[in-house]
Structure formats: structure tokens, C-alpha cells
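You will see subunit A twice below: alongside subunit B first, and alongside subunit C after that.
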Partner chain A sequence: MNKKAQVQFMEMIFVLLILIIIILIGLVFYYSFLHKGIKEKKERFTEIDAIILTDSVSSMAELTHETGVINSVKLFSLAKKIKSTDYKEYYANFFGNDKKVTLEIIYPPVNNEKQIETLKLDCTSGTDIDAKFHNKYTNPTNECQKFTIYDPGIVRTTGTEIRTNPVSVYYPLTNEYRIGILKVEVFKNE
Partner chain B sequence: MNKKAQIEIMGLMVIVLILVFVILIALKFFLVPKTNTEEIQRQSIQASSMLNAILRSNTEDGSTVTKKIVECYNSAGDLERCKFMDICPSTGPGCQSPNLEKDILRKAFLKKKYKLAFKAQNDLILMPHGQNCLPDEASITGSATVSVSPPIIAKITVCVLPQESI
Partner chain C sequence: MEKRGVSIFVFTIMFTLIAGAILLVFFFNFGKDLIRFSNKETKVENLLILEKNLASFALSSNSEKAISFSDNSKIGITCDSSNKKLFLSSQDGQYSKEVKKLIFLPFNIGSSEVEAWTLAWNYPFKIDNLYFVADKDVTFYFPGAPYISNEKANHFYNKFKQTRFEVKTNTPTQLDKGVIVYLINKITPPISNNIKAVYIDLNDPPKVQFWDKTSWSSYSYPILGDAMVFAAIFSADKAKFECILNNLAKERINTISEIYQYTVEKLKQTDGCQSNAEYDTIYTELTKVPREFSLSVDGQIQNSAKIIKEQNDVLKTTNCPVLYKSSETMRLL
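Entry: the complex of A and B
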């Protein structure tokens, strides 16, 4: 092979090498964008899911007094219903196993209102729901600051996404309305 | 200049043009802020829900927010009757009861900026609470009417940054 041919051969190899590098870089970018896109879509669907659930809860026949208004007494009956074996599966399908739904009363304040999350009295969690209704809810000694509507019992996850929506809460025993914040926590497992 | 050199310069120019085109498209994607329509819609629903909840709500003394607004309007801005929104003018140890503006709206809209105003016949009943949106922020307004005479219009404006993540 003469010298000119050797140089041209080397040149071709360099061109091919650069081309392969460019294609590889392109592939890396393509897959990173694809991965990012899938992750964003997953987050978006989770978000949409949480929004739909927030709307569904504030219009559930089991909870509402009228459209967009939650009846506080019905919160106790739903909590008992969710814990019974007959309805457990139905509500697990409705709420999803990765979402916790709570309602917090913010105005007017309840008796003995607490600012620290762990000290707020949750009247629909645990097993003594009837006792809490008779001793803590009935006015004028209403102390229920929080109501757990659904808890899948998830303890450890990689992250939590929280969506909130203000709702009106009706107290039929005194014919009063309060402002509550409906909170949907979506537990992420990656 | 010979013909071969001219062709090579033309080729180089085509490559430069393609590169500039690609860079411009990339810049468009990276620099232009995305308008988050989902967040805007969500905030709009939140603003309406918040207004309905406020207007329906009772106050600490057993009255209702609506009654308090009407009383404030009828008293022609009497400070005593109009201060129900500012039960606690400053936060501190002496400030035990929640403030409709400071605590409730802040809890509902988290770190977002908002503004709440009540109007009757185009007159502001109370000084608007909160802040105005900046020019680069989308302002979402929810409004509700209280059926009294004259009708009172309540309005909440929430500010959303264009690139705010959902």
C-alpha cells in the first residue's frame, strides 16, 4: 500500500470513530431524555390521581352533607365502615394502597387546639372511634382537630407527595360550619 | 479561489447553519419557561373551594363570616366591626386564636402568594389581605357572591410561577 492510500485509510478510520462517538453520545442523550420523560409522566399521573381522589372524597355520598361540604358525623361512620372486613377491600380499591387521606379542622379552632402535628387529636384513627365520638366530638367539648379518612398503614417510603384542598365541614349537632383542609398523601416507592 | 475550495466553504456554511439551528431549538426548550396549566387549574379549584368554605364558615363567637362581612359593610368601615379578619394582628405568645388571613389562607395555599378582597357595589369592604402577583407570575382568581343586599363579591387571587413544578 502506498503512503497516500495509508493516510486515506487512517482518515477513514478516524471519521468512522468520530461517527461512532457521536452516535453513542446521541444514544446516551436519547435514553436519558426518555428516562426523564417517563419519570415526569409517572409524577404527573400520580398528581392527577391525587387531584381526582381529593375531588372524589369531597363528593363521596358516605361523607357529604351537600356538594363540597363534608358532614363531620359521617366521618365517624365511614371510619368504622372502612375498618369492617366487609368493606375493607372496596375502600382499599377506591382510595388506593399508596394514599393516606386526612382532614384537619383549621377554623374556627377546636378546643385544646395543638400546633404540633403529633399532638393533634385524631378522632377517627385507632380502634376507640365510638369513645372518641362520645367523649371528644360532642359539643361543647369538641376536641377533634384531625380525622383520618383512610390510612393504608404504610410506614416507610422513599418520598411523599402531599396535595391539599380546602373544604367546608358541617357539624349537624350544632348546625355550624368550619373550614377544613383535606390532605391526600401519596407514598412513593421507587 | 478554485472550485474545490468554494465547494468546501459552502459545505462548512451548511454545517454552521445546521448547528445554529440545532442550538436555537435547544435554547428554546431550555430557556423559555413552561406554563404549567395543571397547576393553574388546580389553584383555580383551590381558590373557589377556599372561598366557599370561608363564606360558609362560622366564626369563633358563633356568628358567621358572611354576617361579619355584612356588619362591617353596614358599619361603613368601623374598625371594631371590621377587624374580624385580624383577630390576632401580630403573632406571638399573646396571640392564641387563629387569624383568618394569616393562618387559614397560609395553610391552604402553603407558600404561595395570595390576596383576599371583599367588595360591595365596587367599594372595597375591607383592605385587601395579601400581596399582588408579579408580572412573571400567573394570577388565578376565584370569586363568589354573597346574596345579600347589596350583593357582596368575595375574590381570592393566587399567584403561580410559570415554571412551578406540579
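Entry: the complex of A and C
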């Protein structure tokens, strides 16, 4: 190969190399935007899922007393039902295994109301639900500040999408109404 | 390697062609994948849009809305009787999503905008919301309406007429697309793939019969509550109605009955209500509901529902809390 041909050959290789590098950079950018787009879509779908669940829970026949009002006694009934083996799978499908649903009473405040999250008395978590109903719920000793409606058992403080809805809560034993906050926490996959 | 005087041009051309071909194939596949992904994403999004919109108006016991999709959507409902599951699915079957909602479509969705209507299914207490969805080109025919001499039939016709679905009172031709609803007497409907027909007998116990392509099915299914009349109209299909009724609806009735059994026990804790007989009667009837639920029109579950409603009405006159609160007048109970 003569010198001129060698130079031409090297030039061509160099141009192709530059071309390939430019294409590769383009692809990297394109894929990163695509990945970002997919991630945003996933977050949007997760958000839609949380909205669907929040609206669905507020209107669940298992919980409502009348349209848009949650019956506080039914919270105990559902908690017992969810724990029974026959219905575990049904409600896991309904709520999804990445979502925790809770209801917190905010007004009028319950007896011995606590501000620290861990100290708030949750009357529908754990196994002694009936005991809590008889000792902590029934008037005049109502201390049930929180009700866990569904808990998949995931403990995570980050990567959680939270949606809340104010709801009216009916206490049939005393014919009273309170205001509560329905909270749906969606645990995102990192 | 190269003889003196031999040009490098041929080598360059070959190299460029091979490199170009590789790049072309790569970008072609890349584009194809991108289009496929984008289509799938649209389908998933459309299913989610539909479910989200249905969930958002579930709070109401009776409401309707138009739902728009990003493009012409093809959505159907599949009921899997063996697994007791209902799926919303894109018609090509590429994507499906399990739904826990009782959704009834007379025909698969094929447009970018649909009408949706929800009604609370009370029997006698709220079991769930029923969701009715149809394209705008689907017409509901009520031959002979208004039914002056039949109060019940007129009530259901008027309730349907108040919705935004297309309602006509003539009999359709074979070229039309829709559901014929016979509320008084049934006749043979025009035979066409786009025409479905149901006959709803509103006498006690109420029941429904479906047109089965060439003849009326010999089997009648029970109508459990007022909202089920519309569920029968919107399913317009024997297999679909039977599958949803015998699986998801049955599951819901049983679940809610059991929830109410627990609730009755707790309501009895109210001061002065421990010896209340109404709670005991309600409890007994609630325990019967799961075994009384059947596809036969024997009226057993109807009796239990009636007793629960009567006893709940009695509770309204006492100081003891009622089991459920409902303002709806039920015509079929």
C-alpha cells in the first residue's frame, strides 16, 4: 500500500470511528430519555393505581354505612375477615401487596389522643381485635385513634407514594360522626 | 496486501455497505420495538383510564360520565369462571388486567369515547357498585315503551331513559347495533350478530331470559335487586351474565353477608339492645344467604333479603342502631 492510500484508509477508518461514536452517544442519550420516560410512566401508573384504590376503599360495601360514610364497627368486621385464611387472597388481590391502607380519626379527637405516630392506638392491627373492640372502642372509652384496613407487612420509610382522602366516620353504638383521614401508602419498587 | 495500482475504492464500498446494512437493521428493529412498546403502553393506559374513571365515581350510588381514551380503544371483558376472575382486556389479548369491579359491557368497546354508568347494587344492603359501559353507537331498544299499564316496567324504563345511553322504543332492523329489552312480553328479535335481546320478567320472583342467537334460552336467571335488571340488560349474554353472577357476584354477596354477621354481633353491644330480637332474626337470615344463593329462580334468597330489610326497617323505629342505611325504594324486594 502506498503512503497516499494508507492515509486515505486511515482517514476513512477515523471518519467511521467518529460516526460510530456520534451514533453511540446519540443512542445513550436516546435510551436515557426513554428510560426516564418509562420511569415517569411507571410513576404515573402507580399514582393512578393509588387513586383507584383510595376511591375504591371510600366506597367499599365492606366499610360504608351509607354513601361516602365509613362505619367504624365495620372496620373491625373487615379486619377480622381479612385475617381469615378464606379471604386473605381475595383482599390481597383487591388492595395489592404493595399498598397499606389506614384510617386515622382526626376530629373530634379520641380519648387519650397521641401525636407521636408510634403511640397512636391502632384498634384493628394485631390479633386481639375483639379485645380492643370491647376495651378500647366502646363508648365512653373510645381510644381507637387509628384503624389499619390493610397491611401487606412491608416496612419502608422511603420510596412511598401517599394519597389521602378525608372521610366521614359513623359510630353506630353512640350515633356519632367523626372526621377521619383515609391514607393509602404505595410502596414503590426501587 | 494490495498490489500497486489496485484501488482501495472497492474495499471502502464493501465496508460502507456492510456497516450501513448493520446500522439499518439495528435501527429498523429499534423502531419496530419502539412502536410495539408505544402501542402496548397505550393499551395499558386505556385500561387504567377506564378503571380509574369507574373507581372515581364509585362513591355515588347513581352517576354517569363519558370516558375518553387517547385513541380508538379496543377493550373487552373476559370472565374466567374457573378462577372466579374478571379481566378487562385489549381485544387482541395482548394485555389484560384483573378487575374487582362488576363491569358489564353489551359489546366490546371499539371507540375513543364511551358512556359509563354506575348503580349501587343493594340487596337489601349495599353489596357493591355495578358498572355499565357502552360505546355511543350502541342503542337500547324498549319496544312498546312507555308501559302505562305496568308500573314496575315503566319505572325501569324511565330510569334507563334518564341516562345518556341511546334509547329507542321501536324494534331495530338487522342493520342496527344494540340490545332489545322486553319488559312485558318477549317476541323473536331480528337475527343479527349486532342485535342482542333480553326478556326481564318483573313478577315475583323476578327473572331474566337471554336471546341465544337463534332462540330464547330455556333457562331463567334470578334478578337479585333492582340494579341487577340493568346488569342483565348490559351483559345481554347468557354466558357472561351467568359467569359474573355465579362467581364475582356470589363471592361479593357471601363476603358482605359475613361482614354483616360480625357487625350484628357488635351492634348488639349497644346499651339496651342486648336482647333485641331483630338482630337475632337478621343474623339467622344472614347465615342462610351463602347457601341460598343459586342460579335457580326459587326465591329463597329473595325471602331472606326481604326479612333482613323488614327487620332493619323495624330497627329504625327503635333506639338500637340499624344494620345499614338506605334511602332507595326497592321495587323488586
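We adopt the following convention: the second predicted complex is superposed on the first by the 169 of 190 C-alpha atoms of A that agree within 3 Å, B and C clash if a C-alpha of one lies under 4 Å from a C-alpha of the other, contacts with A are read in each partner's own complex, and residues count from 1 in each chain.
Just so we're on the same page, contacts are C-beta pairs under 8 Å (C-beta built on N, C-alpha and C of every residue); 3 or more make two chains touch, one makes a residue touch a chain.
If you're wondering where the values come from, they're calculated on a predicted model, not measured in any experiment.
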Q | Combined model on subunit A where subunit B meets subunit C, clash or fit | A | fit
Q: Identify the partner contact of A:133: answer first if only subunit B is touched, second if only subunit C is, both if each is, neither if none is.
A: second
Q: Return first, second, both or neither, reflecting whether A:179 touches subunit B, subunit C, both chains, or no partner chain.
A: first
Q. Should A:45 be classified as contacting the first partner (subunit B), the second (subunit C), both, or neither?
A. second
Q) Looking at subunit A, does subunit B or subunit C touch a larger number of its residues? A) C
Q. Touch check for A:68: first (subunit B), second (subunit C), both, or neither?
A. both
(Q) Under the stated touch criterion, which partner chain does A:93 make contact with: subunit B (first), subunit C (second), both, or neither? (A) second
**Q.** Partner chain(s) touched by A:125 [first = subunit B, second = subunit C, both, neither]
**A.** neither
(Q) On the A-aligned overlay, A:56 touches which partner chain: subunit B = first, subunit C = second, or both, or neither? (A) second
Q. Angle subunit B-subunit A-subunit C between C-alpha centres, in steps of 10 degrees?
A. 90
(Q) One more residue to check, A:148. First (subunit B), second (subunit C), both or neither? (A) neither
**Q.** Minimum C-alpha separation between subunit B and subunit C after superposing on chain A, in Å
**A.** 9
Q: Mind sorting out which residues of subunit A both subunit B and subunit C touch, each in its own complex?
A: 48, 51, 55, 58, 68
Q. Considering the complex alone, what residue numbers of subunit A touch subunit B?
A. 43-44, 47-48, 51, 55, 58, 68-69, 106-109, 113, 164-168, 176-181
Q) Mind pulling up the subunit A residues that touch subunit C in the complex? A) 1-2, 5, 8-9, 12, 16, 23, 41, 45, 48-49, 51-53, 55-56, 58-59, 61-62, 64-68, 71, 73-74, 76-78, 80-81, 87, 90, 93-94, 133-134, 138, 172-173, 175
Q | For the subunit C and subunit A complex, residues of the former touching the latter | A | 1-2, 4, 8, 12, 15, 19, 23, 41, 44-45, 48-49, 51-52, 55-56, 58-61, 98, 100, 120, 125-129, 251-252, 255-256, 258-260, 262-263, 266-267, 269-270, 321-322, 324-327
Q | Residue ranges of subunit B touching subunit A (in the complex, touch as defined) | A | 38, 42, 45-46, 49-50, 52-54, 56-60, 62, 64, 97-98, 100, 103-104, 107-108, 110, 166
